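Multiple structures are listed underneath, in structure tokens.
Across the two complexes that follow, chain A remains constant while its partner is chain B and subsequently chain C.
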Partner chain A sequence: MFNINHSVVLWNVALFAAAIVWLGVSEPSYLTQLVVWSAINAVLAAGMRFVLLIGETNMASGAIYGFAAYVTAIAVTNGFDVVPLVVVTAAIAAGVLGLLFGWVTLRVKGPYFMLIGFAFTEVVRLAYTRIDYVGGNSGMVGIYAPMSLDRWMPALCVGICYLLVSGFFVAEKSSFGLLMRAIRNNDKVVETLGVSALRVKLVCFCMAALAVGAAGAIHAYSYHVISPGDFSFLIPVYALAYAKVGGERHIVGSVIGAIFLTVVAQVVQGAGALQYVLFGGVIILTMLGVRGGLLDMLGWVACRRRRAGAQRIGLPKDRTSGELG
Partner chain B sequence: MKLDMPVAEGATRLPALLEARGLTRRYGGLVAVSDLTFEIRPGEILGLIGPNGAGKSTTFNLLSGHVKPSAGTLSFAGESIAGMPPYQVSRRGLVRTFQHDSFFREMTVIENLTVAAQRRYRSHRERVDCARCIAERVGLDKHLDATAGSLPHGLQRILSIGIAITPEPKLLGLDEPLTGLHTVEVEKVLTLFRTLCRADAMTILLVDHNMKAMMGVCDRFLVLHYGKMLAQGNADEVRSNPDVIRAYLGISE
Partner chain C sequence: MVTAMALIVQLALNTLQAGSVYVLFALGLTLIFGVMGVVNFAHGQFFTLGALLTSVLVPALREAFGMGVALAFTFASAISIVAVLALAAVVYQFGFRHYLRDTVGSFILSVGLLLFLEGVFLWVFGGVPRVVPNIAPGELRVFGAAIELQRLVVFGIAVIITVLLYLMLAFTRFGRAIRATAEDAGAATLQGIRDKRTLLYGFMVGSFLSAASGCLTAPIAVITPAVGNDYLIKGFITIIIGGLGSVPGAIFGGLTIALIESVVGYYVDGTMATIGMFCVVALLLLIRPQGMLGHVQH
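Let's turn to the complex of A and B:
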């Protein structure tokens, strides 16, 4: 039960290696950009899902993501050009912000926690518009990685995102992951076992904040321009959509959902004002069509194919019920 | 099964495991629990009984830190625990169950018990091993991968007990563990209680409405009525106490 399916891990690593090699050899283009955006969104979705494991909806992730992006912008425009160091600094800054926010707010649950997070995201966004040092309403420009690294940035960004998502996966499979799920189920019982539920929630929230912060730094590097409007409550709402559309049951769902909806957003962009209707329509259709998200749809297809294969070689049907590992 | 000398009698010489003095809890004008003074002796099975609304649950919550006392002192193993948060109380060795859903519904049996072993062991593997041991001990070893929410009611109660004994508490508080169990299951659970008490040196505080079972297993009783202590003593003393007969058993003579 606690064993991780080895073939899934192998496939996963192989796909990732292929992506990195491709990103490394190809010139930066619209397509490589799309891969980077998908990777950033995958981290946002996985971070959202990670906090969902303790039963909370983290609407503050917009503020945390934006804060890290602004930290990156300030660092880069002031001449700090060691990319990994900047990303780590931004992630730590985001983690500290997450710690402060979580310490105050994780004492409330459910809709209250969600609303406070939403308000926090909006307040922080409005704060940027009033601070001239970060460019007010028009935001900050010129967030470039050093020229020598330009070619390698997509691969580096996707690599970091991959590590972050893997980190979430490992954390979820550990004892700590069990504790988080136990808290979602029944935090009172967790406390009777000598574990401080608040502390577990805080660690979970901080881990999500660190990863989302790193994603925010990558966002700043890959867009080169940021403004307060980029970091509204739509960030956590989209992250939630990626996680739900992809399938909440497994972290792979978050990645699939992020890639799918990032591509859909690009496709519908040509439709002008209608794009939001189309985008929303796709979300509604997936949610209504497959309850467990795209993950269950893929799992169902895989299952049918395996069953068909089994019938050909004469295996009993019940040996073929498969689950995504 | 029965020992020659009741353990509680031999245990009276030891200092009390838990000591409550003037324990009181008010909700606005309502006094839920008023001026309770009692002690729990190491190694005994103590029954807390009383009609509905007598303050049994409030007393339980006061002991485990889920409700803060309005007045009075509470000490456990020589240390004051009044006003301590529940997880701190638990770390000192007082673990309790709840009347409803004292387990993790969406998780499997082995996952439930692994979570319970969180503070007892440092590595994940040790925790899982410990969980298996406990499952075997309480008779859940055939259901390790079943989701807790899908277990029959009786097994859910047993799982709750399994979770509570995993941290090896000094004092185990069980809030209505027998509700909804059939006779055979009740017998099994009572045997488990006796073993925990005699072999594992656990002290047990029991609240339940199954009087026959309670009279059979408890060494001593506290009887609550309208938030006040009505009587204390062993089964015979409590049964023959005229106040108890009048208030609790509802016989008017």
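Let's turn to the complex of A and C:
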């Protein structure tokens, strides 16, 4: 059963429409690129969080993301310039890779699954360096959308990312989402009801792979150049950091975390070694200081402001109490 | 012309030498996971710190006190290990202590530490590759195969540390406390084992193994602030093959990946060797998901 909060939906649609209109009328610039990168990272974080709902950490998302980016690059450099078709093709290719990987590895769980995904991402990256057709170590260049779409690409990319994140939200709130949470709690209990936990996990993993694949295609279009070094184990690591730093409790946390850390990464970019120090420091501080992530911190600030406002107008204390869950 | 016998012996020697360092590194990872339930991505940074400090201190000690290379290496390794243990104590006390048995939380924290420490190492040591002078010049020839004497020394020390660790875990009171805590922390506490202290010591022993493998790698490899990442990947493949939390599994896994690296590296190249390791892991997962010597995870 859905509990639709109409004001949230309206705010969402209004913000989305405003962003699309702004991106549509603006000349492509650094700022519009920053919005696109944040949107891509939000999809990666939401995809990571989606698999976390079944209790698994998907470290293979780096390989899947990179695979889709390479499929896009191959398609574009061979003359296929229908952007939606290329994105869908790359997503399907990523989904198939996810299906194969998941079919082999989802028999294990917990740290085993996490580590095999980590190794898979690194090995796929190494494999690109050995394939001359995809440019080996140098990678591929010239991944451009048609000139006529140039102005609309940021809006199109953000639109696709918004739909993907919304798709995750809808899936999470559906009966399938309940099944995923039940599997995280105890997959043996779910199996006693005649549901194949492996099949549910596989479907969940493939859904995440499809979305991450679409994000990979957008990555290729937005950077125009890709190389094996872009798809190391840091991709899933950052995705996990976005989800955790933003707050794992709600999908909005993944989006907030992705925007926050993408901006931080841009601010510290060019600082050399300091870039790693600051980025790592932010993750450590968030993990040790605000366990519920930025989402809980924002909730705490809102709660304090509500309480302070209520005390000003003299409301009784019990009307204002709202401890964080 | 290399004879078949000489080639087999050469590959076996390479496997044993490289495998001994992988085993040490993976033993640390598997011990920390077994005791604390933490997948420690910062393990590679402890290794890097050990290797970097050794590579910096050996020339410095030689210049300051006129020591021989072997003696300077011994002192440099001791100082490096103490430095790594001090860092590990801080990391445990302020970080991992709050995320015991939380695989995802501790993993993110360790990733933050990985990035933070890699940045600090780049900042402090710079990105220039470093080399330690040969600690034992000369080579040994066995059935036509050759091995550098310093590699033999590294292999010998690694074997001694592994055997000592095995004996400690198997026969001492402290070893039994670690194994009991790894098996069931609650039951161990009921038996009077101080679990918090055991967890700290377990983490310190794991970090010591990482630092020791870093120090031993310094004379036989080119050391950069990113050297730990390669070992981390191989370390994880090792413990998947052997089984998480299994000491014999880490030994078996370390030797297996060293064998693949030696053979495929000889006939093809190092990159294909790493890809080959992954193929072995994928096959293994189909046949025996819990690793060769691990337990099924329920």
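Operating definition for what follows: the second predicted complex is superposed on the first by the 303 of 325 C-alpha atoms of A that agree within 3 Å, B and C clash if a C-alpha of one lies under 4 Å from a C-alpha of the other, contacts with A are read in each partner's own complex, and residues count from 1 in each chain.
Just so it is clear, a residue touches a chain if its C-beta (ideal position, glycine included) is under 8 Å from a C-beta of that chain, and two chains touch if they have at least 3 such contacts.
Since the structure is predicted, the reported quantities are computational estimates derived from the model, not experimental observations.
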Which of chain B and chain C A:S7 touches, first, second, both or neither: neither
First (chain B), second (chain C), both or neither touched by A:N185: first
First (chain B), second (chain C), both or neither touched by A:V195: first
Comparison of chain B and chain C by chain A residues contacted: C
First (chain B), second (chain C), both or neither touched by A:S174: first
Contacts of A:S148 with chain B and chain C, given as first, second, both or neither: neither
Contact residues common to both interfaces of chain A (with chain B and with chain C): none
Residues of chain C touching chain A in the complex: 33, 39, 41, 94-95, 98-99, 103-105, 107-109, 111-123, 233, 236-237, 239-240, 244, 271-272, 274-275, 277-278, 281-282, 285-286, 289-291, 297
Chain B-touching residues of chain A, taken from the complex the two chains share: 1-2, 174-175, 178-179, 181-182, 184-186, 188-197
Contact set on chain A toward chain C in their complex: 52, 57, 104-105, 107-112, 114-116, 118-120, 122-123, 126-127, 129-130, 233, 237, 240-241, 244, 272-284, 287-288, 291
Complex interface listing, chain B residues touching chain A: 64, 66, 85-87, 90-91, 95-98, 101-108, 110-112, 114-116, 118-119, 124, 127-128, 145, 163-164, 166-167
